[in-house]
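Two complexes follow with chain A in common, the first pairing it with chain B and the second with chain C.
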Partner chain A sequence: MAWYLGRVGQYGLVLLVAMTFNFALPRAMPGSPLRYLAGEDVGLLTPAQVADLRATYGLDRPLAAQYVAYLGDTLRGAWGFSFQLGKPVAEAIRERLPWTLLLVGSSLLVATAFGIIAGAIAAWRRGGRFDTAALSSAILVDALPTFWLGMLFVAVFAVSWRLLPVFGAYTPWGDRSGWPFVLDVARHLVLPATTLTLASLSGTFLVMRYAMLDVLGQDYVRTARAKGLPERRVVMGHAVRNALLPVSTVVFLNLGFLVGGATVVETVFAYPGVGTLLYQAVLARDYPVLQGAFFMLTVSVLLANALADAVYPLLDPRVRRGG
Partner chain B sequence: MGTPLAAPLAGAGSDRAAVGARQRPWLAALFRTRTAAFGTFVLTVVVATALFGRALAPYDPREVVARPYQPPSAQHWLGTNDIGQDIFSELLWGTRASLTVGLVAALAAVLVGTAVGVVAGLAGGWVDAVLMRATDVVLTLPFLPLAIVLAAFLGPSLGNTALVLALVIWARPARVVRSHALGIAGHAYVEAAHALGGGFGHVLRRHVVPAVLPLALSQFILAVSSAILAEASLAFLGLGDPIQKSWGSVLFYAQSRGAFLSGAWPWWVVPPGLLIALTVLGFALVGRSLEAVLLPRLRGR
Partner chain C sequence: MNRSSLRFLPLLVALLWIGSTGAQVDRPLRVAITGDEGTLTPYTYVTGYPGYELMTLIYDQLFLMDEELVPRPWLAAGLEIVDDLTYVLTLREGVRWHDGEPFTADDVAFTIGYYQTHPLGRFTSSANRVADVRVDGELGISLTLDGPDATFVEAALADLPMLPRHLWQDVDEPRAMAEAIGTGPYRLVEARSEQFYRLEANPDFWGPPPAVGTIIAPIVRDETTTFQALLAGEIDAAVRPVPAGSVASFQARPDLAIAQGSGFATTLLILDVTRPGLDDPAVRRVIAGAIDYGRLVDLLLLGFGTVGTPGFLHPDNPFANPATAEPPRLSPAEARGVLRDAGYLERADGTFAFTDGAPEDAAGAAPLAFVLLAPASNPTRLRAAELIAQDLAAAGIAVTVRSMEVEALTQRVWPDFDVSQGRDYELAVFGWSAPVNARANLRGLLHGDPAKGTLNLAGYDDPEVNELADRAVATIDADDRRAVLWQLQERMARDVPLVPLFYQDGVYAYRPSAFDGWSYMAGQGILHKRSFLRR
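The block that comes next holds the complex of A and B.
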């Protein structure tokens, strides 16, 4: 119980830091914060209009009052207004979020499954051909810039071979209902999801392999072998199950990395998620959207971590009993 | 990544590291294995390119020297970009920018991280709790989006990029160094130093910092590789210095000016990415080799 309270406290703290960061940035920069809150055209307005805007954004009030109001607004989902997009920031993000969830979710699923299987096999046959090959490719892939990998996929699969679509999440003028649409979305998902999966595979693989090596050296594995259990049951029943424990926490730690990777991958493939929104906001210097997207991604990472906390006791009976 | 690896491994072999600090094993680590030697070789070439690349470049990459979108030729080994600048020269010049940002950001990050780590590890109690809470907050925040927002507000320049990266990278070395420092703080000789009246600062300077330095060095080298990768990502997203050429900014223009559609990708997109990958790989291999020497439990795994 105390452990859970500690976790919740940590998440609350991260949330508070993210909000404080967002509150402080426009106000800490030289010049008027209005430039960051309402757009760069503020310089063209008359003094009366500026004063009006300052009142709208509450900038005429004391800083502490602004801060309290800001926290309340953010928690209620009032994340400001994007003059570039002509709509509230929260709305712009809500439209994009499902695509990012689809991309990150499918990549996380595939990368985790492959990482666990490859890590288990590599550790089981430590030093063997598969282990050596997998380990070197993991180190190699880690060194590749994720966005560059995506660019190569675009060049090879889409432009040279014309095999798969590489632009957007669906065909703009196509059918938007039923199985054809599902298939269309899946086809558009293949390359971005493969890129993101490759980029995040090695983390899970390395941790699974290490945890598995650790477990395989434990006494209870030796006991299991000594009492004549078939190798398959030793590996699957004893080793893999226990090695999964550290992996499960790492999978969700990786999520922060994955979300960052999604930002560049979405940009390469013009995938209409939060990452592309972030990129467009960078180019347009649309600060409210930048901050809203950052906050949304932080909340997503925290939610995933909380999910991991909820799942962990299901995997580890010791945590369940200890409460 | 490697983030997840660091935590369970740190803290092991503190005795060996303390001994190692006297024997300077890191020089041997540079050539310990074939992969480490390869990494050392790559780094030597990259550093030489950063130092002498500008002198060797056939053209000034800021000048328009030919027609745009030229394929490779004897005059322009990697062709020309969308406004007719020599891509090969761009890459030679960009080496210095990319490497400098990586080194400066990593140095700042590891200095801060090491300071936080040793103070937390030695002081313990509420100081440790507060510092580690702060470290965990930074580790939880999504790394790249955080860097993007910071860079967008600070404005694009190489100095700001280095600052932004240092601000998001320091937490990992802090965690690793702290668990190592914890191990050292528990040793009898450190307790003896306390008992003999050595103050906090004395013990820190004389016993903890020297013992932690080799580990900090390996963390530095690993941090350089993540800083170079992150710099490339930021530049690719249009947050690079518009005046300075870097490997990432070459890729930014390749992406935004349609290198794929013009069929120019084999000489416009592939080379800068390979340079980034090779450099990052070089740092990662050398860093891992150092880590393996300093944390012997890792060896052979």
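The block that comes next holds the complex of A and C.
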């Protein structure tokens, strides 16, 4: 019991520290949200009117008072009103979150599956043709800028071949119900999700490959082989299962950042996710959106960590408490 | 086909199948915009172009600018200017809001009061010119100004979007008011944050019938993506100017057309005239004279632009002084001569230094050197800064270019958008939007009183210029006003309170098969209300 309370206390402390950063960092940036509060022609206002406006949005209050109010409001779920979007922060996030989960989730799924399989095969056949090809492509793709990869896909698949749409999450003027809509969303998802998958594939692949190489060199694998087990059982039953442990850490970490979106890919494909919301909020000094979105991200990363903490003992008996 | 390539066949088939099933639908006009414009109300739209223009497809003004920037009666059927202070308006009959309620003089009076009490950059300052409002029946209204204002029709009557009193009278927080109801030719039927806006023609519109049934404005922030979408046929026009390097290839395509015209948005070199060195008009004249403006336009805009005039106003502006149309030019030798005559020390390495009362000791003297700030996210302005630094180095003034994130730069040159808070820069490449130029807002740029010179980032303060700038606003007669503005432009050419570099032309691409009714609004572009009304 005490152990669990200790863990909860730890998470609470981390949350508080992260929330403090979420409050302080946006305000430490030079610049001001006034351009969005007063419009592009903010310069036409007199100093008195600008002061009025700052007062209306509480920007003239001492930072300490703003901070206390922010902590209370955020924890109560009152995330305030976006300076730039003209709508509540919670609504803005709610609009974007499904698209981000779809985009980042699908590519995380595919990248993890492909990364694990390819990493395992590459390590098993170390030095072979597949290993050489996969390793060099992983390093090559990892070195390519994501936006460039996205642009290339757009130029080839969307503009030259007209196979897939250039931008957006669906066709605004199309049918938005039933299967045609599902298909439309899928067509719009292919290019951004493929770009994001390629961009994140190499991480999982490399971790899996090295973990697998490590495991294949262990004594118990040699023992298994010496016992005369078929190679398939040695690889699947002994090597892959153990090599998955470090990979699961990576997957859990990625899971936490699932809700953060993918700014570059979202921008290239004009995909309406949380990544562009955050990016625009940074540019606009939209403190409420930054606080709300980063709070969501913080909580999600902490939950993923907690999940990893909970699941890891199940995967690895060595870290079981008291074990 | 060998076995290993057959393995990928199912994937290829799936891709082709997904690719071939795009729904064939009746297509509205698709015009890509550059960013989110909130809920498209006067309090949530973001950009002057295209945001304001999109918003005023829904909301109407009392007057509407025509393509040559002349205000024409719109919701107002008539205007009588009784004296310098009294404007008597008669409203159009039979105008209704999108929800069916009648539009009346009460709405006008309410709108002016609302903008006065709920600050918003563009509308509050012009609404504040109105000291008194008298409603005379359903359609009559008389406005009394707090002082003569030559720009009142353009800056207030042709600019303020009218708000429906019955919906806004209880709204305390205007940015939370999400219902976009106006009297305009289009109704907002759908707004998806960061995705698109969908507008449909208002069947009960009081004016010329809308030429397009449905307008969809998808938000595409990336420039390359925008034009790829145009090439792929996914959009029919873009409000983003075509990059100079792509204009020729767009012109060569049979399915696209180009609309081109002047752009009033001004890129300029601003300077803090209170700094040592920059407080000397001779140094400022050398800076203005040493810059090769033609090279900036040729290299940065590939010729799609006009060199800056020392009097700030674009040569197409009706108030531009032809005598100050050309930027000054000094050869490096001439520039050095001016600096020598002004008492600066020329050092062995070719740079100049302050004398500081020690005229012979050039080694210990402070160099005539400045830091030039440029926005990191804007390659054109950053490159302009580098070229300027080269030009000034040849004239003996050392300039260090420093790139900064744009909001951080703005905070340095214009802390909290309030010039009374001072400034923390020496030189910067900056820009003013088209309306500053179109309305000849020289008082805003030059007046030494922060309440009047709200755009005076130079800290410039000259009693004679202040007096002239006040007269430029208070003089109603167009010819008299032009004379005052001409004088101001001559003063600017002599004193160099700012250095206009260039005006980038508007070059816009569209698909004529989808819609060919675009008209070009001088200084601005193709997206505006008159483009969408049958002529």
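Throughout what follows, the second predicted complex is superposed on the first by the 214 of 323 C-alpha atoms of A that agree within 3 Å, B and C clash if a C-alpha of one lies under 4 Å from a C-alpha of the other, contacts with A are read in each partner's own complex, and residues count from 1 in each chain.
We take it that a contact is a pair of C-beta atoms (placed from the backbone, for glycine too) under 8 Å apart; a residue touches a chain by one contact, two chains touch by 3 or more.
Keep in mind it's a predicted model, so treat the numbers as computed, not measured.
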Once the structures are superposed on A, label A:Gly43 by its partner contacts, choosing first (chain B), second (chain C), both or neither. second
Is A:Gly260 touching anything from chain B or chain C once the two structures are fitted on A? First, second, both or neither. first
Considering only touches as defined above, state whether A:Leu109 meets chain B (first), chain C (second), both or neither. neither
Of the two partner chains, chain B (first) and chain C (second), which one does A:Leu283 touch, if any: first, second, both, or neither? both
Applying the touch criterion given at the start, work out whether A:Val182 contacts chain B, chain C, both or neither, answering first, second, both or neither. neither
Based on the superposed arrangement, let me know which partner A:Thr146 touches: chain B (first), chain C (second), both, or neither? first
Check the residue A:Met29 against both partner chains and state whether it touches chain B (first), chain C (second), both, or neither. both
Considering only touches as defined above, state whether A:Leu53 meets chain B (first), chain C (second), both or neither. second
Taking the superposition as given, does A:Val68 touch the first partner, chain B, the second, chain C, both, or neither? neither
Chain B and chain C contact sites that coincide on chain A, given as residue numbers: 29, 36, 151, 154-155, 158-159, 267-268, 283, 285
List of chain C residues in touch with chain A within their complex: 15-16, 18-19, 21-23, 25-28, 30, 35-36, 38-39, 41, 43-48, 51, 119-122, 124-126, 173, 175-176, 178, 192-196, 198, 214, 216, 218-222, 224-225, 228-229, 231-234, 405-408, 410-412, 414, 416-418, 420-421, 433, 435, 444, 450-451, 454-455
List of chain A residues in touch with chain C within their complex: 29-32, 34-47, 49-50, 52-54, 81, 84-87, 92, 95-96, 151, 154-155, 157-159, 161-169, 171-175, 180, 183-184, 186-187, 190, 267-270, 272, 276-277, 280, 283, 285
For chain B, which residues count as touching chain A in their complex? 1-5, 8, 133, 136-137, 139-146, 148-150, 152-153, 225, 229, 232-233, 236-239, 248, 251, 254-255, 260-261, 263, 265, 269-270, 272-273, 276-278, 280-281, 284-285, 288, 301
Which part of chain A faces chain B closely enough to touch in the complex? 10, 13-14, 17-18, 21-22, 25-26, 29, 36, 139-140, 142-148, 151-152, 154-155, 158-159, 200, 202-203, 206-207, 210, 213, 246, 250, 253-254, 256-257, 259-261, 263-264, 267-268, 278-279, 281-283, 285, 287, 290-291, 293-294, 297-298, 301-302, 305
